[in-house]
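Got a structure for you, written out below as structure tokens; questions coming shortly.
Think of it as A, B, C and D in the order they're written, each chain with its own count starting at 1.
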């Protein structure tokens, strides 16, 4: 089991990046998912979607070189790549909801073995609003959850989510610091273990039932 | 009763033009309604909407000076005035259907005393399709019908339309070569007679029941 | 990914029996070269989604005359007498849709909506076969999404990534059709390098476009 | 018709208790001067329709801090802790709407639609109180139009007729809000003469705009 916080994060985002294909349009959620952009494999050309209204989200501008008319979905200074396009919020969500977004990568509070996702509120505690999350999860062709496997030692991959859902049965893949898990019609399929991680550690850190792939591999990260 | 075809037409379009107010956005149907643009009263600045995708429809271009990228809703060469705006068909009909079009002027095959309109097909004979007519009549704030009062002597203003409708109870005003008639909750209110036209002539050329205005006037055309 | 193909290569993606959405309004903003290439290939039995059937010698009107289409979903056929003739002779199936409803139905398909509620058509034959839904005491027709296998667009300026700018009144249905087809082909009036189109001016983002035909 | 007014004159159209739609995304593309003028006038009890409540010292976030609003319809409040605090204290009514649904609801009001069907929110609390409609075996939520008394926009370039061009990522909800209010006020970054904006580049046509504030 990886112990170092930074290494955990690196393993997750590197592994998520391997899921992206040439030409993909990808939306990276705020927080850890945005780091995926730093690990896109060579030869793979993707476009990033920013739900406030453009595709072609580029690198963060250097301090002092910010353009106040370009922010990302977190409201922070951003840039646009050549060949990008700005549009209004209706078009932004036409892209998301119309099935034109290839991949969305989001964090989670809980995921369950039916592919349900809870990532937008904790009643009585944290209610930031769903923003574009419900649209992204319901609309994207592929929904990848990137998160630490547990929260303070408690499993986040459950038999059944008990927090309010973001969407029903929409998650396709879960990538954590311990494992890669596919959501299949038969249940959760464990396909890869993280380096330095044992099958037993994954099973004990997961509340949901896991089907172990016959081809169980170690992540190449 | 006016007999001359050209004079009839002139009376109708001149009278319709008087209905337009400064700042109005107006859609003029193909055919006679387009002539209204030639009689806009002085000091009145209107914008014309072209349902293929712009506002600010301008005068017909001179022969040889046509811009093939600008056509009107009839597919003919057109022009745009300074301050005009092009957009896609979704925005064009957002304007029409969202209540942003002040006036639409259309011809009719039949209108009835409930304000129903039939102007898009004669079963088994003429079926050009409704184009934007159903949207215009359902969506415009004010629907003005401009037409000759009768067709080969037969009334076109009926108790009840018998041709397929374009829309139900949407007509606001009927302007013909014989009269101006308002559609009111109580029925058709005859408010003006055309020059050289008697009340008896209008009544006998109209199948629908008419309420005669206490202020019955002669058109100022 | 190089998206640029010849007109002929691009047209070869269209197969007998497909549903094809075509941009343009009585021919303005229509990909005439792609229209011609489809005729030259002898493709048959297409279902056409378009605003109108243009003129017999212009735009998709040529498809009607050359019997490329067996079914059309349009708002207007009055400018092409051959469409009405084939319809009356039972040779061509015609579904007439109010123009604004056509735009919204195509947009709904592109935007992932299950349908939209519109008052247009209430009390008319456009009601036939449709569910009526009452909201706050007002009746609406439930109109369903309209999607195509292939969309054919005409772009005034297209960059090599596929971003499109439509000049003046050529825009019309093009940006809508771009969102509502499995395969999107744009006939480019002018192709420019990536970066030459200002991102603010792009009207159809590159991600909708599969093939740039020239 | 001269549409140009001072910021202060423009803000005076907003009255206590009105529903006000404001463009912008965490402050980008928000009419900051109009926001400030409304605060200065001591206007109260507004219902706000906006994507988010920005930051405490930015955009409509200032309205929350200064108690201008008593009810908000937004997709996100996470960037402004004061919104959550007032909500939890029962001082501010908050209706949370998925961002894409918010965009479609505002658009529906502007486009005269009675509602739209979306799969977003199925199986979540966003379902509550909403009609579900099944089309072709798939369940959708019926989402209703959202209209305002006044819309406040930020335009990068505005001509004297009211045509608006939005630069880069400042567009966001602005063109949608422009279609869905009885009175539309745009705060212009730059005002130009009629004719200086190319008609192809206009993003909000002048007919939607009542007042140009500078």
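We adopt the following convention: a contact is a pair of C-beta atoms (placed from the backbone, for glycine too) under 8 Å apart; a residue touches a chain by one contact, two chains touch by 3 or more.
Because the structure is predicted, anything quoted here is derived from the model rather than measured.
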item	value
Chain labels contacting chain A and also chain C	D
Contact-richer chain pair [B-D vs A-D]	A-D
Most widely separated chain from chain C, with each centre as the mean of CA atoms	A
Centre distance in Å when chain C and chain D are each reduced to the mean of their C-alpha atoms	32
Chain B and chain D: spacing of chain centres that average the CA atoms, whole Å	35
Separation of chain A from chain B, taking each centre as the mean of its C-alpha atoms, in whole Å	56
Chain A and chain D: spacing of chain centres that average the CA atoms, whole Å	29
Where chain A touches two or more other chains, by residue	54, 80, 86-87, 90, 93, 96-97, 139
Chain D residues counted as touching two or more neighbouring chains	104, 107, 111-113, 118-119, 167-168, 171, 199-200
Complete list of chain pairs which touch one another	A-C, A-D, B-C, B-D, C-D
In the complex, chain D residues that touch chain B	1, 107, 109-113, 159, 161, 163, 179-180, 194-195, 197, 199-200, 202, 205-208
Interfacial residue positions of chain B with respect to chain C in the complex	50-54, 67-71, 73-75, 78, 80, 86-90, 92-93, 96-97, 116, 127-135, 138-139, 164-169
Chain C-facing residues of chain D, complex	104, 108, 111-119, 133, 135-136, 138, 140, 142, 144, 166-168, 171, 199-201
Contact footprint of chain C on chain A as seen in their complex	22-23, 25, 45, 47, 54-56, 80, 82-87, 90-91, 93-100, 139
Chain C - residues contacting chain B, complex	25-29, 51-52, 54-55, 74-79, 84, 87, 96, 98-104, 107, 118-126, 156, 167-176, 203
